[in-house]
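Multiple structures are listed underneath, in structure tokens.
Each of the next two complexes has chain A plus one other chain: chain B in the first, chain C in the second.
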Partner chain A sequence: MSSWDDDDSAAAAATDVELLKRAWRNEKAAPEILRFDSPLVSRVREQIQLLEETLDDFADSGVDDLVVSLYQMDLDRTLFLLRSYLRLRLQKIEKYTMHISRSDDLLSRLSQQERRFAKSCAEIMEKHLEQSVLSKLPYGYDSVTRQSLSSTEDDMVPEPQLDTFVFCKTKSDVGAFQLDDIGEEVVDLVADDLYVLRYKSIKGLVEGGRIDLI
Partner chain B sequence: MAGQSDPHLSIFSPSEVEFVAEDEIVEIVPNIRMDALNMICGDFGPFFPQIPTKVPLWLAVALKKRSKCTIRTPDWMTVDRLTQVLEAERESPREFQPLPFHYIEISKLLFDHARDDISDAYLVRSLIEDIRDVRFHKVETGLETISGRTHAVKLKNLSAMEVNIVRPFMVRTLQAFYKHDSPQMIQQADNTGSRATPVTDRGPRRDLRRR
Partner chain C sequence: MTGLSAFWIEHFVLCRSGIPKCHRGFRRRMYGRRASQLLKEIDSSEAGQLAPFNSDVFDQVIRECNEHNSQFQSLIRKMVEQNLDIETTRNEDHYGAAIHHLSLLRNKRCLMAYMYNRAEVIQSFRWKVGPVLPHDIQEKLHFSEKEYFKNHSAAIKSYISEMDIDLTVDMVPPKDTYIQVRVLEDIGEVSLGDHSVSLTKNSLHFLRRTDAEQFISQGLMEEFLE
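For the complex of A and B:
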């Protein structure tokens, strides 16, 4: 029926494409940026490169057009997944650049290149805001991160809404799961059933790979 | 272009849902001989004429377009099975019948590219449309029961495309309710579809004041 049945053990049976697809879906559905799966991306890049070289060889050695076009489709599909995954993350970094830059935890979720991107994005943004608007505001209101001197915290920094609801499925039974702090909301999470829950409550499960976002 | 498909990050376009569905495995009967394909997404083949082989849907469609195979209709897509499902859907107003997660996308792709391989295609298509209507009506009814007390929704057996259609509205609704009506005591409520779960009474109910 569905491909959920196919993996009995978490990563062992899943191909890199399936893992990438899962990472892509999670990233798309999650409001905040998730951990960059560095080993997975390198493996996929290697395979893409290998296939590109193979296709070049095919072109020279006159392999059947049909076979070439099928491999090309496989390549295109994988490239789409990878590109979309990377672009999604860049979009999130751009959107929440200040928020990410000041949190070590969030920064640690980025790849090295993404960190450079985040840093220069924040710098450019700050410079632009200062030059175009902030320098012309009266003293006390010209901070990039705070509305005014009377703000007790950085309230001008956009943050992702972790409270948003997401659709998800668990791979295996999680059992009774507590959704909030007071212990009033408990949900029985059964494998393969679809739930709509607050992202914040299941954040840990997503990071641990026990729940997939749809 | 990859990643440019939506202004709001968390929305999947229908094409993207179809993209995911295209990796589902179907059975084809090739009419050519071809060596095994060792692709990034998996190994398939080798292909021999008249020997059924399992491949991903996108590959099956590609071969079918070039007239290199016929596609075997999946077991769940027969008139008999679908009639059973439709009856069961109609009889259980709070439950969704188990169907393949990508049944809408799979059937659409097969209708578009391999209609001649489906027996009673016209009937199958109209059955699936009816099933979609009944199910979606249930989703709409279920949406009406969402209240401030809803902290989780269970949608057992809902399919990918149905999820995608209802996602924006449902998320915004749940968000709005959560923001505007988060009482100290929230009761557990199992809304759309599933077995009857005993609801423990944890306190006085607080209804939204009706205008």
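For the complex of A and C:
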């Protein structure tokens, strides 16, 4: 085994794991569901497989226990990050299933499998509410998303609170940034600084990768 | 109130054939009080816990909704029979009907909130407890909630098998490669790696986390934390 190869693959793996860690942290802190990073997840899964195969080789060739447990630890940590990332997203879909199903923008942020899950979730929830509550209410009041026929829009769908405060850190200089719609609050965002801001204001920056949530 | 009026007309026209006789009306009590009982129950439960489904109060609130509806219908009918324009007339019947409508809405929202909040707790059970609920939790569920849990778990299972990665393990960040475990049930001789271990009830072992996890998730072992 050439040590150069090891270093290169270790460096490349660290970068992807770092990216996964960042995606995981952002997902944890954001009140709404973020864009699914499909290429990153595929790469991480490949690397996990590689690590597992390496560990199997070690078991056969009797490598030193300490080395084995280091690789095992690395594998465990990466697996945990991946599982937690996917789990966080599933739980957000569970929580806001009706809201997500009605929004094309939100649906486009999900992976294919997540989209199928979201659809099932919404159907199952609707069926449950209809069976237990709505079928017993008088005509005109039996909609799942509207209070009654006189509602002008879907007024019974739970939505995430987008103006929650979040801790964030800038990656590079952003400069003067407008926090609200009217242009009254402007903040100067300097690289590598910590801020506490409303998620709604910095949504765009998070999507563009210029700011990280902590 | 124009949206309201359009609804009333449609509602009245469609239900005209089956308008029940006017009930004696409610006894002197505040509308919506029973519904807020349901909400108080949710509020006073500890996070992640469920109280037994309160079918008594639930059914009473449903009955209230239907009473509101029939009161409302008869008031509208009264106005129509007096040839009053429903959209613009503002007499005591109009306001009475408005109160019944709004009370109905409030009851509906409370009922939905009750079911929805319970459903959220039931969702969390799949992650915290597993695909099969213990008897003492099952007892607290309405039959529709039992079905909901089953269907919801199936949806999660379907996603997990599509992705080929088990999301119900590894719930806590890994600290050590090896953990101390206590065996809860007799498992017998198990070969782990290059040696075999005798897993008898109540014995303590120092195992690899990944080896132990399958037993822990089945409830045959637990992590021994000091």
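In this text, the second predicted complex is superposed on the first by the 200 of 214 C-alpha atoms of A that agree within 3 Å, B and C clash if a C-alpha of one lies under 4 Å from a C-alpha of the other, contacts with A are read in each partner's own complex, and residues count from 1 in each chain.
Here, a contact is a pair of C-beta atoms (placed from the backbone, for glycine too) under 8 Å apart; a residue touches a chain by one contact, two chains touch by 3 or more.
None of the values given here were measured: they were computed from a predicted structure.
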> For A:29, is the partner it touches chain B (first), chain C (second), both, or none of the two (neither)?
Replying inline: first
>> Quick check for you: in the superposed arrangement, does A:76 touch first (chain B), second (chain C), both or neither?
In response: second
> Thinking of the overlay built on chain A, is A:16 touched by chain B (first), by chain C (second), by both, or by neither?
Replying inline: first
>> If we overlay the two complexes on their shared chain A, which of chain B and chain C does A:193 touch? Say first, second, both or neither.
In response: first
> What's your read, chain B or chain C touching more residues of chain A?
Replying inline: B
> Of the partners chain B and chain C, which touch A:116 in the superposed model: first, second, both, neither?
Replying inline: second
>> Just to be sure I read the superposition right, which of the two partners does A:87 touch: chain B = first, chain C = second, or both, or neither?
In response: both
> So, does A:171 touch the first partner chain B, the second partner chain C, both, or neither?
Replying inline: neither
>> So chain A touches chain B in one structure and chain C in the other; where do those two contact lists coincide?
In response: 69, 73, 77, 79-80, 83-84, 86-87, 90-91, 95
> Where on chain B is chain A touching in the complex?
Replying inline: 1-4, 9-10, 12, 19-20, 22-25, 34-35, 37, 39-42, 58-59, 62-63, 66, 68, 76, 98, 100-102, 151-158, 160, 163, 167, 170-171, 174-175, 178-179, 185-186, 188, 194, 197, 202
>> Give the list of chain A residues in touch with chain C in this complex.
In response: 45, 59, 69, 72-73, 76-77, 79-80, 82-84, 86-87, 90-91, 94-95, 113-114, 116-117, 120-121, 124-125, 127-129, 131-133, 136-141, 147-152, 156, 158
> For chain A, which residues count as touching chain B in their complex?
Replying inline: 1-4, 15-18, 21, 25, 28-31, 44, 47-48, 51, 64, 66-67, 69-71, 73-75, 77-81, 83-84, 86-88, 90-92, 95, 163-167, 179-180, 184-188, 193-198, 214
> Which of the residues in chain C end up touching chain A in this complex?
Replying inline: 3-4, 6-8, 10-11, 14-15, 62, 65-66, 69, 101, 104-105, 108-109, 111-112, 115-116, 119-120, 123, 127, 142, 144-145, 147-148, 151-152, 155-156, 158-159, 162-163, 165-167, 169-170, 173-174, 177-178, 193, 208-210
